[in-house]
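The letters A, B, C and D name the chains in turn, as written, and every chain counts its residues from 1.
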Amino acid sequence: MTIRLGENGYGKQRVRILQVIRHADRHDLKELTVGIRLEGDFETAHTKGDNTKILPTDTMKNTVYALAKQQRIESPEEFCLRLADHFLSHHAHVSRARMEASETLWTRLPYGKTLHPHTFTRSSEERRTTTVTATRKEKSVQAGIKGLVVLKTTDSAFEGFLRDAFTTLREDRNRILATAIRTAWLYRSNDTAFESTWHDVRQTLLEAFAGHDSKSLQQTLYAMGEAVLAKFKSIREIRLSLPNKHYNLVDLSPFHLDNPKEIFLPTDEPHGLIEGTVRND
Amino acid sequence: MTIRLGENGYGKQRVRILQVIRHADRHDLKELTVGIRLEGDFETAHTKGDNTKILPTDTMKNTVYALAKQQRIESPEEFCLRLADHFLSHHAHVSRARMEASETLWTRLPYGKTLHPHTFTRSSEERRTTTVTATRKEKSVQAGIKGLVVLKTTDSAFEGFLRDAFTTLREDRNRILATAIRTAWLYRSNDTAFESTWHDVRQTLLEAFAGHDSKSLQQTLYAMGEAVLAKFKSIREIRLSLPNKHYNLVDLSPFHLDNPKEIFLPTDEPHGLIEGTVRND
Amino acid sequence: MTIRLGENGYGKQRVRILQVIRHADRHDLKELTVGIRLEGDFETAHTKGDNTKILPTDTMKNTVYALAKQQRIESPEEFCLRLADHFLSHHAHVSRARMEASETLWTRLPYGKTLHPHTFTRSSEERRTTTVTATRKEKSVQAGIKGLVVLKTTDSAFEGFLRDAFTTLREDRNRILATAIRTAWLYRSNDTAFESTWHDVRQTLLEAFAGHDSKSLQQTLYAMGEAVLAKFKSIREIRLSLPNKHYNLVDLSPFHLDNPKEIFLPTDEPHGLIEGTVRND
Amino acid sequence: MTIRLGENGYGKQRVRILQVIRHADRHDLKELTVGIRLEGDFETAHTKGDNTKILPTDTMKNTVYALAKQQRIESPEEFCLRLADHFLSHHAHVSRARMEASETLWTRLPYGKTLHPHTFTRSSEERRTTTVTATRKEKSVQAGIKGLVVLKTTDSAFEGFLRDAFTTLREDRNRILATAIRTAWLYRSNDTAFESTWHDVRQTLLEAFAGHDSKSLQQTLYAMGEAVLAKFKSIREIRLSLPNKHYNLVDLSPFHLDNPKEIFLPTDEPHGLIEGTVRND
């Protein structure tokens, strides 16, 4: 038997940056956390301690700041494309670059009857995400969302399911449906209007979730994916990962109280997890 | 020397509840995490293992659900007052009840040109908080906020400070000011309009933060407290705890790039922490 | 009515430091996270934006590093005492200094039949804590522990408790008892052997928890505090805060299986919280 | 274009279980958090709301408890194999089952000169992990570790690396090397002695980390993988994911103090991330 190095790569994670754009009448800002991973000809670094092809991860961090200064960050997708191009074009032994960015979303503060020119509140634990994977032959851009928590109090059922010896769950015609949307979609082209499309896809997902008369979270997942693909021809496929955040009806009968879907116990664990990809071929 | 029991108390923490109110045309909801702590005559439980005066913490949890069903939760403050009353009136050996609630805030989903009747998104990591402390003689109600993250890109300076042998900080005429507001204010009366006042105090704090031309976070803290007390006579005092979430200007000079307050490194640690109480006597 | 500043203070939090001591035959290390808070004459900073008495929190951070270099950190308690002295002796307008430190515990790696001279593993999420509060007249030193998770599978009961209309809990003669010990004890003198005492108190607490035939967590708390005070005359009082981390017996009867205290569901919420101080007067 | 369902699967996550084994002279315990994911013929659930092939995730949770009772959990690997067998053998439309388990490690409490028969402390944030992937044709068992934090104070350098326009890092002949080991290795057979092998692999990794004179974390990663594969013929490949947790030397020159590798600033972000697979063909 022979011991040898297989797949490998390295990079810098959690590189945080805030860019402020100072217009005359207002300031804008963009906050990202960037992750960088390079693959390439790094074998002798592993096997011989030869660092001559190892660009320090500290340099990758510096690159994030320098490139943002050289040209303003327009969108996480655009910035990740630019970073990937940089590493591939400057370092011939790098064969593949994967850039990830997670955007912390800020909302301009309502102030009297207007919006404040330079004060913002952090919108939510929700993050806008992107992953760009690039080789010298092709680049793929995925956009996405994580941590978008949504809840509906009706129009959700779960009945007629499979039963086995360990099934005790009761059928439910009218349950709470809550999830933290995690999704990523793949664009057909790298020339997409990334900013506006992201916001439109997000709203489409939310409206599909809200408007669906759900027989299961699986069915709702598919309806959400279908709504996006039907509307956005620029998207080739979308993956959704939806935890089923259970809200359990509390049994109040020991206290001689009924509970007509009014008092619930929110739970974090255990939780269902429904995952699926919807494609437009 | 004599060993003896000093201050003590016990209760249930992280009791989660969601209440759904099903109107004909829309649903409302209220999600709280409740903490209960009782003080009283519990000495023999500690010293002799005598449980006859120990109400199980499991019962406290049940009480949250039963009381919410008996009468709808109007506000965290109202519900905590009601819970405190319950424990004090049913259990003569309880001398003091402290109830805490943290509200998870939900926002009705924009849906087409209207708002959706039964779908909500979770607004933020921000929580609305309350603490009610009650004895048989008096009750105090505090309302508050935690995790309200806010940032301004200008109108903040820090100059003319004290220097000693270990001071290396440079003066800054125009820095980013960012914090996660944590605050609690004490009402003069338990008959306050808790719901509307909370929203108004929150907006007053945000506008004071935004509108202040800050010479230090201490000065901004005082301005925020003063703005609240000047406007709300129903509030006796307000305490603010403001971490100074530093955004450090990145030095781009090694790359022959200037950085006129454009590229910043957001940091979590270390952070300043400015705390103060403002009173209206 | 007059609006005025009440209690206030400020400082730096989450100042992290690792000190390496390079002996000829082995290395030692000490990792602390330090929090600093000063009180004093800071009123005009709040009310007038006058920073002439405000030592930057950045300077406090620098002070941690400089003092550690000037004289090696012996224990968190010793180092916090030294920091407090520094701020009080160099800044006449500071009236009170509170220093907190949380030690990340490292264990020397077992290596073959010996211990490795310079490699360590992080022991646990447990932290050794200290709080030093000092004025020019007096200093108090508290040592403590947080996050020490402990579980016993028997010798714990909860019976004969108080019942009211909302009590559904069953008596239990033989339950699992689990908690995450959080404790702080106050020394009579600042000349204590802090290092050895901390380790001895920790072991005393653990053995008291293990050896106690518990009728309630309250009784166990008191037994733990009593064991420490009976053994360590240098300790004036000890405070314990013990979450009751419930392990619920799973009902397997729907599957025609009994469950004689064998299969449990570990839970994080809700949880009981038992708190008490034991004193030696 | 046609919209259609692609890869999909669902299951239950964060199913927590504690099993107590009550011997006459001592108790043992095993605490796992289990994740279950099934793939199979679920298309009509997504596209038509037909739940007849959907086993509730609640049933999966029940299955964990029932199977643990029917036969004691020997190891996370054995238990996941058993769970996968259960779902594949009882449900013909399930084509693939992936079981994950994360073990919370408990250590028997030292008590006087012996070990306590029924009291345990939680060892660490480290988790023992396993992933079993099974179809009707084949099963693969991976074992692993996450969160094993390790640090060495010398025998680590990083020199002679690649430089580009954004490189500012200085060469370092003697740095601190710290990481949180995350690893998973693939067994050749499902008949391995899972318990003893896991402990031996863990110690081999730690000793390889400690004993290596490191020119880079890449080289250390390879040395760790090589040490495991050289010793354990039962392992086909091992993947390591090693964050480079930077400890930065603090510049004390402004305070006229030197810092000969003694005072460091521990940081969490940004961090390097070195990943690689080592194979034995």
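For the reader, a short list of remarks on this structure follows.
Keep in mind that, in the parts below, a residue touches a chain if its C-beta (ideal position, glycine included) is under 8 Å from a C-beta of that chain, and two chains touch if they have at least 3 such contacts.
Since this is a predicted model, take the numbers as computed values, not measurements.
Fewest steps needed to get from subunit A to subunit C, stepping only to touching chains, is 1.
Distance from the centre of subunit A peaks at C, each centre being the average of the chain's Cα atoms.
When the interfaces C-D and A-D are ranked by C-beta pairs in contact, the top one is A-D. Centroids of subunit A and subunit D (each the mean of its C-alpha atoms) stand 24 Å apart. Subunit D has its Cα centroid 29 Å from the Cα centroid of subunit C. Shared interface positions of subunit C, defined as residues touching 2 or more other chains, are 16, 62, 66, 166, 168, 254-255, 268-269. For subunit D in complex with subunit B, the touching residues are 165-166, 168, 254-255, 268-269. By the touch criterion given at the top, residues 1-16, 35, 37, 42, 45-59, 61-63, 66, 90-91, 158-164, 166-169, 214-216, 218-219, 221-222, 225-226, 229-230, 233, 237, 243-244, 268-281 of subunit D touch subunit A in their complex. Residues of subunit D that touch subunit C in their complex: 16-22, 27, 29, 31, 62, 65-66, 68-70, 106, 109-112, 116, 118-125, 148-155, 176, 203, 206-207, 209-211, 247, 250, 252, 254-255, 257, 259, 261-267.
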